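A, B, C and D label the chains in the order they appear, each numbered from 1.
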Amino acid sequence: MRRKFEVKQELPDDFVIEAGTGHRWHREGFRVLYADTDKAGVVYHANYLKYFEIGRAGFVRATGRSYKEVEALGLFHPIVDLRMQFESHADYDDLLSVYARPRSLAPVKFSYEYVVRNDQLGRILVHGYTIHCCIDKERRVLPVDEVTRAIFEDYGVIRER
Amino acid sequence: MRRKFEVKQELPDDFVIEAGTGHRWHREGFRVLYADTDKAGVVYHANYLKYFEIGRAGFVRATGRSYKEVEALGLFHPIVDLRMQFESHADYDDLLSVYARPRSLAPVKFSYEYVVRNDQLGRILVHGYTIHCCIDKERRVLPVDEVTRAIFEDYGVIRER
Amino acid sequence: MRRKFEVKQELPDDFVIEAGTGHRWHREGFRVLYADTDKAGVVYHANYLKYFEIGRAGFVRATGRSYKEVEALGLFHPIVDLRMQFESHADYDDLLSVYARPRSLAPVKFSYEYVVRNDQLGRILVHGYTIHCCIDKERRVLPVDEVTRAIFEDYGVIRER
Amino acid sequence: MRRKFEVKQELPDDFVIEAGTGHRWHREGFRVLYADTDKAGVVYHANYLKYFEIGRAGFVRATGRSYKEVEALGLFHPIVDLRMQFESHADYDDLLSVYARPRSLAPVKFSYEYVVRNDQLGRILVHGYTIHCCIDKERRVLPVDEVTRAIFEDYGVIRER
């Protein structure tokens, strides 16, 4: 049930190869704010969704693209489904990493996978996924846009039919 | 894939019976803050986890108990797993309802189910669950505490063995 | 330095008259979420700005208007200046009140005053103000809109020239 | 009324000297998250308090100390007073800087000053201050702790008597 996550190889631009699966992930470091903690003395669970966002944006930026290109097309990528599994906790001021990678691409949806880890302790905190669709300003669902398809296909995700 | 949710009967203390399943849910109303919205003009996905918290706390309060009793025992109920499925969006100032009910109880974990709905439009926005464990101040996992077991058993959730 | 705040008279629609000043305030009740707390075990300071927003929206709603009317004119009311003074703290699940009232109206700006109080303990937690201007979608500053001027003038704030 | 802020000289460890005043500030860069934006398409005002926190923590870390040392003494530094003035807005994904510096030190309180700026555009977004006191776990006010006095005095803030 517990997820393993070991880095087999470091690549340029903060990409890494995961041991075992061979998956390529992008790593983005960040610090836990006091604002992110709660009365239990640890990061409040909802804030890991912001860390997932940091990971997703970091991955897209590392490919040389930006979500702003999607916005410029008049499109949005709302989340339609997500899951988070919590294995350990984080404290104020901890230096953490969020690892993100494209997971799947279908005609009208696509998904990312995430691992939030305390690299110093080699400890996974949270892992999960988000599934997104593509909509316009009238909130009509459209096929996944070319910017996103290019990002996923360059990365090596085969488009499902 | 789309969830249905219809109220068959209103009960005292903001409880309702769901049509079809016969499940008993607690309803808590709230308003969407400007702070909860994002650049897409709708509620940012992570904020639905706060609405789930509003639902969970409202349910516990309606049973006459409080999470503060759990805290007074030196215990916490961190989330170990959660899922959210998004069906529609909410705008600033919308008056919404979050419905919450106990879903399952096992020796070392328990779970809640949630539906966030715009009752005026009869539209489900988000549904999902959270699974919790019970830990002490040293973050050791313990059997589910008596306060929580009493709440779940009074409500009618059979304890799994 | 410490602010006093006593209610002299209750009015319909959750308005009250303050003892001493004779100011009329609108009261809106709310509960502290676990999400609002931080590692120090109390509400994180930035969250009081959300409580100010709850107070401001509650006041406007009680006048029979809504910020949505301002939006429908293609206008926004960004904050240009704010101050918060903290006198005491709040715990998880506390039932608090935010009191809000219009403070001043000038040709291109207007302001609200707030008091967040634990009514049960008779304890002021935070008080402060926000000063807003009125802009259009191109973020050009405009004279204060008629909706807001009507709200302030109905309430009894004399427009400064 | 508009604040000026120009960097006269870059120093090691992301410190800078401000033109005109000669003040020494610490600079910390960060990116605007989608989570930080609101329906008006810009950063929601309360989130600048998180950016102030990023600035304050970055400054303390650059001095080789940490707020965790204060916590280890059983102490907290709650905010007792703050002000924020807003001059311009920020968009999603903007790369911003928060500049922070110690402002004053008195027997029972101390304060920081902040400027949030879009360095690329040379545009100040928000500036302000926070005033803190020092309390123990029973929330009793104590003289400012030695860790903080050392940070402020090393930095050159003369202690007021």
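Observations, loosely collected:
In the analysis below, contacts are C-beta pairs under 8 Å (C-beta built on N, C-alpha and C of every residue); 3 or more make two chains touch, one makes a residue touch a chain.
Predicted, not measured: the structure shown is a model, and the values here were computed from it.
Averaging C-alpha coordinates per chain and comparing to subunit B, the farthest chain turns out to be D. Over half of the residue-numbered contact pairs of A-D are shared by just one pair in B-D, C-D or B-C, which is B-C. Look at where the CA atoms of subunit A average out and do the same for subunit B: the two points lie 26 Å apart.
Rounded to a whole number, the gap between the C-alpha centres of subunit A and subunit C is 37 angstrom. Taking each chain's centre as the average of its CA atoms, subunit B and subunit C sit 29 Å apart. Of all residues in subunit A, those that touch two or more other chains are 34-35, 42, 46, 49-50, 92.
Interface residues of subunit A, counted against subunit D in their complex, comprise 31, 33-35, 49-50, 53-54, 57, 66-68, 71, 92-93.
Residue ranges on subunit B touching subunit A, taken from their complex, read 40, 42, 45-47, 49-50, 76, 78-86, 89, 139.
Of all residues in subunit D, only 34-35, 37-39, 41-42, 44, 46, 92 touch subunit B in the complex they form.
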